[in-house]
Amino acid sequence: MSEPNKPPEVKPRDWRDHWYEIIFEADTKAGKAFDVVLLIAILLSVLVIMLESVNSLDEDYNDQFHYAEWFFTILFTIEYVARIICARRPLRYIFSFYGIVDLLSILPTYIMNIAPGETQRLGVIRALRLLRAFRIFKLAHMLSEASELRRAIWASRSKIAVFLATVVIAVVIEGATLHLIEEDKNSGFDSIPESMYWAIVTMTTVGYGDIAPVTPLGKFLAAIIMILGYSLIIVPTGIVSAELAHGGRGSERIKITTQVCPECMREGHDSNATFCKFCGARL
Amino acid sequence: MSEPNKPPEVKPRDWRDHWYEIIFEADTKAGKAFDVVLLIAILLSVLVIMLESVNSLDEDYNDQFHYAEWFFTILFTIEYVARIICARRPLRYIFSFYGIVDLLSILPTYIMNIAPGETQRLGVIRALRLLRAFRIFKLAHMLSEASELRRAIWASRSKIAVFLATVVIAVVIEGATLHLIEEDKNSGFDSIPESMYWAIVTMTTVGYGDIAPVTPLGKFLAAIIMILGYSLIIVPTGIVSAELAHGGRGSERIKITTQVCPECMREGHDSNATFCKFCGARL
Amino acid sequence: MSEPNKPPEVKPRDWRDHWYEIIFEADTKAGKAFDVVLLIAILLSVLVIMLESVNSLDEDYNDQFHYAEWFFTILFTIEYVARIICARRPLRYIFSFYGIVDLLSILPTYIMNIAPGETQRLGVIRALRLLRAFRIFKLAHMLSEASELRRAIWASRSKIAVFLATVVIAVVIEGATLHLIEEDKNSGFDSIPESMYWAIVTMTTVGYGDIAPVTPLGKFLAAIIMILGYSLIIVPTGIVSAELAHGGRGSERIKITTQVCPECMREGHDSNATFCKFCGARL
Amino acid sequence: MSEPNKPPEVKPRDWRDHWYEIIFEADTKAGKAFDVVLLIAILLSVLVIMLESVNSLDEDYNDQFHYAEWFFTILFTIEYVARIICARRPLRYIFSFYGIVDLLSILPTYIMNIAPGETQRLGVIRALRLLRAFRIFKLAHMLSEASELRRAIWASRSKIAVFLATVVIAVVIEGATLHLIEEDKNSGFDSIPESMYWAIVTMTTVGYGDIAPVTPLGKFLAAIIMILGYSLIIVPTGIVSAELAHGGRGSERIKITTQVCPECMREGHDSNATFCKFCGARL
């Protein structure tokens, strides 16, 4: 299982290559069938984890959930081992993002049985299994289609960072101010972190209401924060929109050069033009 | 009432065609009057259903609501039968979307009287009557005017699907995490589905407050989820905007013709080009 | 005070014209001063009404509020009478929007003193005084500057109407469904109108939490409604954006005609061009 | 420490210039190191202030927080004195925005020790220290990169002012109306200012739920306000978007030159025009 830096010699590894295609790829018929079966298994196993967490259901169907869990764990263990065997560079797979997710999907069940008790709560980690659906849907690949949006977001990353820094500073100062005003009113602003939590709940317009100002001054400041928070959504939207509008134009039109036709002296030629499009002279 | 596959022979069915125009169409004066009367009947009958559901009103005006309900049911039954008789292909009408809505609008009243008791709650189904207003307003038709927006949404359907899949996975993992943290705090995160409900309530910024984190770690994660959820609205807006901008631009820029240079066989000439911009030959 | 249909004979009505300019217009120095004084009086009187509604303050400063109210009422009464006298067409002023607002601003104080008791609550109507600030700020005029946006909203009015009709129908059906599911759970869905109120609170992401589903099915449907409601904001934004993008282009660029220069046969001339911009021949 | 209006004579002030570069600028290696150390100190000191406000932590670690606070205060005091000494115009620095923030960052600790008791709450003011991070990040500078957005917001400032004025008037009238309807229902609409607070909470879709209408009429009006408030976000978004689109287009279209036709003196020629498009004269 050593991993040489140069690509391994291409010897005829029929069965391994064959299974690699089935497990890791989806171009063959068998590969597609494998993916569909795996996706169903993932969704069912996550459904079992969800239902298991509902107390009333867990009491009635505890055994069924137990067996289902072991079934899926063994299934995913076999799959995990098969991936390691088939992978051309097993270590690279094991320490890749999906390799770790695959491991985290099966490990909790074993740990919970080896050392029961406190570890029961680890079971929830298995919900990470759902991340494996990303691999099957090739979501990362599909998202790359939204390249224009990603490029716009990426191009405005420094502006977004500045925006986020401003929001964080605003949250701290708003939290400290409301804490100062509402501290003794039993309205939930017991500490600055609590008040910051309130400020975020308010600025994002979530508004649980578990913490809410009760003093007139607190309500007045809260109202101002709300209107500011409500307006804030315009800023990132505006930044991305501007970038989209700006960038979309840039990447689509053919750049117009500053070349001048030596014959008719006309400008406005495309950058890929060799001859003047008005008089036919060589540029 | 048989339905042949070839169009029925056009024999002079005067009264049926006459009524078809009145009931199904709105181009004639009688047809428009029919639609207006029907619309008023629908709105009034939905109003009666609404008021009937208010207990304090139901006690006082129980009889009036009962008579009104029967009046509208008989009216809509007559209309339903008339539609079946007039329709050129009755079976197609019966199993069409509006045919089923028409049936569901009248059926509950009969069932509730034939088998009283448990069926009382079916009465609410009659609210579907309102869907029939869609037919009168020709809303579907009017919405098709918003074709640019629909095209933009349709063109970005794969991106929106990826976006929704990402949101669903985020909701599951957020729900599982908060369930893990807040399980024993009596704060409402009793099971993963409950926590997922909370995650959706939070990410959409609805924020009822019936479930809210109480632990510092839970509040910290919730704050991050809020900011992420708040930012998420930019993604679909951005996707659709980019698509709108893209489509809009298409109609503005100088059209590139499909002309091919007779000399060098190259394409991509501007519509205002006289000479091939690659080889200088006259186009 | 008769109002002839033809414009009144222009006789030298010095003092009336003079006061008309001061009271109704803001171009002269006296007119501006009048407006500033009036604006301050309006804001102060609205402030008094607000503070009067606070019980703790009303107990302590009841007399002061009473005197202030009479001061402003008499001031506005004088202004109202002056406007009627100065107006060239008094009846048109009296029945204009601002004329009625002016009357409603002073009437409640008199009624409350003539017939005390039940009429006390009419006092709140005086808050309409604030509408008079619109006149001073010429807000209506300033809003007309946002003509591009207004044009976009107006141009897409039929789409917005369809959108609103769809939302109303969705609200009714969602309300009826949740009422059906949650009726007996004491969760606030006591009647269809109550449930519709909840549906609006949820779809607009306000989310008070005074009414919230408690059954699993209710929560599941609520989650779907939330995601739909959250996505809905894209629709009107998209419609208006598309219209802005579409219309903005139309109104700004000079239309390019399909004219062809008879000399050089070149196209792409502006619609206001008389001569070919490439060869100088008359088009 | 006098501050002459003309720039001070450039005498060789080595050590002062040297320290000025380190403290105020970030171009040298020492200056960057100073900034990084200062940023860490600021963040740590704000963290201490936050944790100090949590009662359970304050009880256990009261001494540690006390020592940490004195450590940071002395550090920032040294920095403040150093800035005054190094600054070429000390008074201008002291009365600049950052000079005042620097002073407010250290003053509360001294006041709280000189006059303990009531002044304890001043401690929260020290959270303003975070504002100093703005200086290090040169956030103001970075924000200026978002110039297109700022220009769009600035260009539409009068429209935004009108929009805000409209919102304020709407809030007052909505608050007064709901106060009138819900006054005696114990639902929180106790005074017009309270009701205005509710109107803002509702229109921004925050929706705490601490104040919520209980009467049918109140709920009906609230629902209308919600839909209006939900639609309102389109207005500023639309204004800024339109401005962005407008400005963006400006850079794309063919520039219109300031050339004037020597024959007919008309303007508005395209930059690619050779002949006057109105009279045919050569430009």
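By written order: A, B, C and D. Residues from 1 in each chain.
Here is the rule we use: a contact is a pair of C-beta atoms (placed from the backbone, for glycine too) under 8 Å apart; a residue touches a chain by one contact, two chains touch by 3 or more.
The structure displayed is predicted, hence computed values, not measured ones.
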item: Copies chain A and chain D touch via same or different residues, half shared test; value: different
item: Furthest chain, CA centroid comparison against chain A; value: C
item: Where chain A and chain D are represented by their mean Cα positions, the distance between them in whole Å; value: 30
item: Distance from chain C to chain A - Cα centre to Cα centre, in angstrom; value: 42
item: Of all residues in chain A, the ones touching two or more other chains; value: 193, 196, 205-209, 233, 237, 241, 245, 249, 266, 278
item: Interfacial residue positions of chain A with respect to chain C in the complex; value: 205-209, 266, 278
item: Partner chain A, residues of chain D touching it in the complex; value: 46, 49-51, 53-55, 121, 124-125, 127-128, 130-131, 133-134, 137, 139, 142-143, 145-146, 148-149, 152-153, 167, 193-194, 196-197, 200-201, 204-210, 233, 236-237, 240-241, 244-245, 248, 252, 272, 274
item: Chain C residues within the chain B interface of the complex; value: 156, 158-159, 162, 165-166, 169, 172-173, 175-177, 179-180, 183, 190-193, 196, 202, 205-209, 212, 216, 219-220, 222-223, 226-227, 229-231, 233-235, 237-239, 241-242, 245-246, 249, 265-268
